[in-house]
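A short worksheet on the structure shown next.
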Amino acid sequence: MYHFKNKLQSSPARNLSPINQFVSPYEECGVFGACGTLDAAAHTALGLHALQHRGQEAAGIVSCETNSDRSLSNLHHHHAIGKVGDNFGDGVIIAKLRGFSAIGHNRYSTTGGSVNAANIQPLIAELSFGALALAHNGNLTNAAIIRKKLISEGSIFRTTMDTEVVIHLMARSGKNNIKDALIEALKKIEGGYSLIVLDKDYLIGARDPYGIRPLMLGRLGDAYFLASETCAFDIIGAQHVRDIAPGEIIIIDKKKVHEQKPKKEATESLFPFPKVNPRFCIFEFVYFSRPDSQIENKDVYAVRKRMGAELSRENPIEADIVIPVPDSGVASALGYAEEAKCQFELGIIRNHYVGRTFIEPTDQIRNLGVKLKHNANRSVIEGKRVVLVDDSIVRGTTSKKIVAMVRDAGAKEVHMRIASPATTNACFYGIDTPSTEKLLASHMTTEEICKFIGADSLAYLSVDSLYRAVGEAKRNNEIPQYCDACFTGDYAVELKDKNAGLVNKGYDC
Amino acid sequence: MYHFKNKLQSSPARNLSPINQFVSPYEECGVFGACGTLDAAAHTALGLHALQHRGQEAAGIVSCETNSDRSLSNLHHHHAIGKVGDNFGDGVIIAKLRGFSAIGHNRYSTTGGSVNAANIQPLIAELSFGALALAHNGNLTNAAIIRKKLISEGSIFRTTMDTEVVIHLMARSGKNNIKDALIEALKKIEGGYSLIVLDKDYLIGARDPYGIRPLMLGRLGDAYFLASETCAFDIIGAQHVRDIAPGEIIIIDKKKVHEQKPKKEATESLFPFPKVNPRFCIFEFVYFSRPDSQIENKDVYAVRKRMGAELSRENPIEADIVIPVPDSGVASALGYAEEAKCQFELGIIRNHYVGRTFIEPTDQIRNLGVKLKHNANRSVIEGKRVVLVDDSIVRGTTSKKIVAMVRDAGAKEVHMRIASPATTNACFYGIDTPSTEKLLASHMTTEEICKFIGADSLAYLSVDSLYRAVGEAKRNNEIPQYCDACFTGDYAVELKDKNAGLVNKGYDC
Amino acid sequence: MYHFKNKLQSSPARNLSPINQFVSPYEECGVFGACGTLDAAAHTALGLHALQHRGQEAAGIVSCETNSDRSLSNLHHHHAIGKVGDNFGDGVIIAKLRGFSAIGHNRYSTTGGSVNAANIQPLIAELSFGALALAHNGNLTNAAIIRKKLISEGSIFRTTMDTEVVIHLMARSGKNNIKDALIEALKKIEGGYSLIVLDKDYLIGARDPYGIRPLMLGRLGDAYFLASETCAFDIIGAQHVRDIAPGEIIIIDKKKVHEQKPKKEATESLFPFPKVNPRFCIFEFVYFSRPDSQIENKDVYAVRKRMGAELSRENPIEADIVIPVPDSGVASALGYAEEAKCQFELGIIRNHYVGRTFIEPTDQIRNLGVKLKHNANRSVIEGKRVVLVDDSIVRGTTSKKIVAMVRDAGAKEVHMRIASPATTNACFYGIDTPSTEKLLASHMTTEEICKFIGADSLAYLSVDSLYRAVGEAKRNNEIPQYCDACFTGDYAVELKDKNAGLVNKGYDC
Amino acid sequence: MYHFKNKLQSSPARNLSPINQFVSPYEECGVFGACGTLDAAAHTALGLHALQHRGQEAAGIVSCETNSDRSLSNLHHHHAIGKVGDNFGDGVIIAKLRGFSAIGHNRYSTTGGSVNAANIQPLIAELSFGALALAHNGNLTNAAIIRKKLISEGSIFRTTMDTEVVIHLMARSGKNNIKDALIEALKKIEGGYSLIVLDKDYLIGARDPYGIRPLMLGRLGDAYFLASETCAFDIIGAQHVRDIAPGEIIIIDKKKVHEQKPKKEATESLFPFPKVNPRFCIFEFVYFSRPDSQIENKDVYAVRKRMGAELSRENPIEADIVIPVPDSGVASALGYAEEAKCQFELGIIRNHYVGRTFIEPTDQIRNLGVKLKHNANRSVIEGKRVVLVDDSIVRGTTSKKIVAMVRDAGAKEVHMRIASPATTNACFYGIDTPSTEKLLASHMTTEEICKFIGADSLAYLSVDSLYRAVGEAKRNNEIPQYCDACFTGDYAVELKDKNAGLVNKGYDC
């Protein structure tokens, strides 16, 4: 690696280093669970493949055999750095993950470094009532406080993940079954999370009281599935039954599934928390979820098109063509162009081939050139007044390069339109944003950002317009309908670790 | 693998096997050459990355040091199965490919099996005047005849590639330099080809007399580049100087480049063949080239949009939405929707994450499900009359599944529109199509195909409309302006091997 | 794999399967620690390489930086399945294992399967007083009992290793430093063990009260080392200072080492256990330790030669040549031949090249042919009366095949002589023997075994002669000087888990 | 790698780099062929495993199906860098190497660098009479001259191996079958070689007229085998039929084997060369062959013991113990000790675990420490007068380190005894020795070498004694019975390439 760098440093073309094909400016995690089929692991691999956009650095699957003991050896598992297709496509591995049920997890890269094998989920542990596996999407806001307390009481921590706290709380719950132990643990943790837990007897899904992170229930024949997004059901031909409700713990009784008991008997729903007003993560609509997924029975693609349309209404500009930054800006650009009655063009082409070495999730690499991933379509752009539509601006470095690329291709004017409000605050509930001070909009005005990225004009979607796009009349400032902390700083759940000055390094995803 | 298959066979969900993410129904090759920079190999790796869509199975780079001897050890090379980014992104490998010039090659999978390491190009050989490397995009139509003759005269063949014939002809040319030897060799071969040859003294590019396959000249500072498409220049920031002309042999004199002689002195063009009417491959516009490339100074994206517009004019249908089969149908669907003034929607979402094991280029696997790659967007499609736009239909199996998927998503009607004429004949000039008898349109009427794929209606673009889209008034049936044999059966170059009953297994790309 | 098997089953030569190069019938573990050099990890890699014979399946190294925090991220670690030389020879990995101190571990294969990455030591955990790493050679005889209790109290277990118990006991000790916490934990565990523990402040070694497993102290300049055997000091040029005493906890104060305090100040010895009569594992002399190691200041090679001499005295036989089963029988065969004044010959040649696939530690494979590893030297053997000397007989299958091989090579008579008593009992203190019922001598008389292996005669060394070889007059049956349970069934430490009917699956090594 | 080096350079213990476990000071190649069993490839893998000592860097196997066509695709092949066991133990690969016959090759590392995949044998080519594969042990002394001529006539060379010349000569022989073509080719080449050639019809073995390199015929049931050494027959349970004679071409008719024709009909022997006095390579006895192999019906182990005995008679010295440098000096040390009636001891222990990274065949690495491979047994050596027996001295660097190691272990005197004459001349017939000027004995007297390696005395075996050990009365200086050029400079075959000043880089093995 260094050789190459050294070489390039001494060469006249040093900025051509083949890097920066880093897939996503934001990252999260994806979870999947299957119960009731001998293909549980194969279905989980397919489900994780469909959820690959939620985390590309590593994946793990744990399966569980039904008619065997409660020890750790009843759990079969495989964890691997890399893509699902690269590590779980192989039938030999799937065949080893025997059992009638399985859970899986896609993770994004850990902050400031590559994934450590120990940090790949699902986590596995043996507790008094038997071995279990747990997969987690989200972040706990009081994990560091609890961790500190648990360690002082003699718990040992093997990873830097906040997920580990949940298992310890279950272990120390004094309960003799997974259901009660999980409820006890959840009563102590705070934050945004979706959890999937598996043991010999149950497959359990749980969403935090505010329902910040998504979790869905699916079904195919007698088998049940849990997933972060509905697109994971589509790939296996399963039906989307419903979203798990905020604060709901759904318990799938493996024995009853095995006996093919009717649906209502095989699943059970508990609501152990005091009722609060839900605040689902609005950023899932803006960026994270796949456009072919449905959340809260709303089609993500349609919501994004409406964001584009609202953006056009709110920030009209005289232009010749509307160009999306692919792939994240495509749907909103389509909505923008339709509303603006302006020509939609694929003026930037994305190269989807990604190489191993290019994925180096360090700040340094994120800042390098965009050419490996994007190329401008000169004939479309030349001499035109261009509206460039993207979902958001994080550090601004990519936007700056894309604006320059579009100008190099001959654009007469470049007007940047962002299909969400300015990202001013870091997320503490499961989306891996840069820290607040690294977010361009946290310390620059829109005008300054416009200048920084080199655009002729820049406009963001207003918060109310964003709410309109998701189907609300406007934001209810008393009781906000969504978690929009990244745009407003109005955090749904108190940031206890942060306020206590504790480093919560291990934010998982 | 088999374990998995066995397992799935005995399971109720046996058709969920995680395969069929095969990237492309057609395949070809990509070539790149660089001369005049110490980053020659790094530039070549980037160029091949930009050309990855032309061949994903394997890649090779050969570099050449200028001030050293003429022996084989003066050529540094690395050949690897897999993607460019996975194998050449690593700086350690690039650092070993020392030298002021380099050439590279992307290859698609060989017919009926995975790539054999020996068949990865560029080929390397030591001839009387020194070691050379050669990369080839295209197919020779008389390679088997020549091979047979050469073998009878004592030449030995190590691979099944027709490219090997060219090197033998050079070796037996009796000439004492690479330029004369190449000309002698080219006089004997026929077919569609673009060649890049490198030795200690020269970087040479050559196109067949009809110019069937593409080859471009680029420049950055004092360095010259050759590439199959202009997008390979964009990625390194080089300028597209011009297309190499049909029948042209362009010779870049490394010594003069090194001395930074003015451009006209460093390159030399020879036209050793009798003049014929050029017939560039029209399928490069239809499918193969990247939309951000320019060929014959025409923008591929714009041509495709015009194909869509022509398609709409020629085959209008009452519908609610126009949906592309991504990614190949997107540009033509945009053109179609604009012309038809019908709503354009991304009704099918493509998952770009590809796994190693999924790429198994056997017939069996190509026929399996499409869900790993495509998913329908129910909310967009439900209750709608859909126009589905794709670039072409090969065996019809994918189209059949996509039509079914769109119907499952609630489409009221599904009208398939193909932005090119019916593919009735196999290509013998470098595109890896199935053999003629496997092409659906070779033995079915449009009506039969429509029924086979389950659409409510099906229409193809006419040949004349295709010609209009590329800028001609219509096809000149006396002297066709393009090679359109796949649509018309009118082969530009005589198929001598085929007519002699010789198996030309080794069609390279 | 299966293809091959299937193929061989249908072939006339089905018993030629290329397997059974399994390195050792017994297995254990090796531990190493380094403190006081910036090359701590490199020294540890070399030490583990010298200890490779103690465990070939996996290895791990954890290093610790001195001037940094107490969190988990202060520990750098690399764990890998395979040989030390294959995984830690690479300087890139060593360079990442920064720090002034490091510990490492070689492990043998887990019972009945290949190593799981989670089970590779050293273990790492964050406790209230900071992060630590622990490496363990030995087995705890009450681990299952403690584990059960800890789990009921809310501890969570991630592995099947008994080593994990030690860390939990430390965590729950209520002590606020690694020294006190370790002492508390050791007071609760029983069995045979050598432990090496590392944190920010200390490198600590500990041996069980009976001193069943070995542990040595070494020194090079200002740096200190701990290792299972002295050969690990030789490879790095360090001096063997002394054996750690039974029941001793030796504490190396990293800060004082750093300040280059005189030796007596930098190390501290604690003896927290009630005094018992030591019983070092006599099998380390028989088989396990390297012949160039010193234990209790006795040269292993010399002890083995004396075993051979005793064997000859005790069981004389008229013969022409003495042949060792290489490599384990070589030293005792030399001793036998000298004493018997009989010709020593290398009548069996060992092939030391071992392949990955051959190492499949299942019973099935252990029982297959010996030809991949051993070959008879016909010219030496033909027509001769042969004394065949080996260290021990386990299941008898290998002995049977070697006797047959020697007969096939033309031996007139084959007299098997075993340089230790009959192995009648499984080890529960860290050597991975088969369970008692699988040991041939547990249910067969010497005569029956002789018949089973096909020898003309068979004799074992008596227990008293073995004691003579290690320098005792005879075994003190009141207070045995060594742990010889595998030969006598007289277990040094009570087998509490076994007696409680608890499966102690996780015997580490 | 470099990181490590950098690190070590700045550390106080910089000479501890974990390298120099280079397996052998000399290297050669091994060949194997099988015909008449469906397990041909499996047998070849086992045979190559037994011949692993002849070349550890890479291996290849080519199999051939009987009832299929003559094209290249009838040959199945797998070539891999690394050990046989690591690359061919896996049944999946063997299963792909279908066919009734197969040949294989082990190669040592190429001079000055790691193996290039293109240089792994067997070579494969398509000639006028069909596809064939060829494996070669030895070196051709006029390959460069022929290569130059062939290139000038239009042959193209893909590798730097002299083996490629043989195939070109066959191709240009004008013959229409493999037998005649091979004879024509052999008439033109000179040097020391054993060749195995395979095509659809025949398995052929050939030895050079002087029989410098070994080749053996084996049989198991109806199947025939060819191998460099008899130990390759032992591993598969085949009988050693006889040595192929010098100048013999043995042709195994696959069709007749298939029909189970009696042996005499299925094989045919040709002697196309003028008769010369054979001169087998005496160094095969000294070092190269495995001690359990038979050559010329002489047991290699027995010959080596006689060398040791002769050495003792010729160079007696008062001493306490005789210690071999393992493994190459063991047999001769045994012979020495017996003859000298001096105590034989394993005073140096060898660590057989070899790591990938340690095998870096560069001069630099060969010169580093020996500790990774060897360790002295202090208790055996301390205070003793030691005779150290090794097979030969090449550059002297290893000997120097071993003498120092023995002294460090407390030896009172160290007397080095070499069981062969001083190595004064490079080999040009297939053994990869350093060039003449790098051989210590080429420019130093025995006295100087003794001083260089730091021994108290040094003695070599005389040439006549060496001849006595192999069963001759003495060397016949008129018509030497063996090739002993490395000791005498009397080259059996004229060194035409060398004399013509041509670099014969490609000496294969």
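The letters A, B, C and D name the chains in turn, as written, and every chain counts its residues from 1.
One rule holds for everything that comes next: contacts are C-beta pairs under 8 Å (C-beta built on N, C-alpha and C of every residue); 3 or more make two chains touch, one makes a residue touch a chain.
Bear in mind the structure is a predicted one, so any value in this text is a computation, not a measurement.
S.K.: Would you kindly say which chain has the C-alpha centre located farthest from the C-alpha centre of chain B?
M.R.: The most distant chain relative to chain B turns out to be C.
S.K.: Round to the nearest whole Å and give the separation of the Cα centres of chain A and chain B.
M.R.: Their C-alpha centroids are separated by 36 Å.
S.K.: Could you tell me the distance, in whole angstrom, between the mean C-alpha positions of chain A and chain D?
M.R.: 59
S.K.: List the centre-to-centre spacing of chain A and chain C in whole Å, with centres computed as mean CA coordinates.
M.R.: 47
S.K.: Scan chain B for residues touching two or more other chains and write them down.
M.R.: In chain B, 2 touch at least two other chains.
S.K.: Specify the contact topology among the chains shown, as one of line, ring, star, complete or other.
M.R.: Looks like a ring, each chain touching just two neighbours.
S.K.: Would you pull the chain A residues touching chain C in the complex into a rising list?
M.R.: For this pair, the touching residues of chain A are 71-73, 79, 117-118, 123-128, 151-160, 167-168, 171-174, 505.
S.K.: Going by the contact rule set out above, which residues of chain D touch chain C in the complex?
M.R.: 1-8, 10-13, 16-19, 21, 37-39, 42-43, 45-46, 49-50, 52-53, 56, 83-92, 94-95, 220-221, 231, 234-237, 290-292, 294, 299, 301-302, 330-331, 334, 338, 343-346, 349, 351-358, 371-372, 375-380
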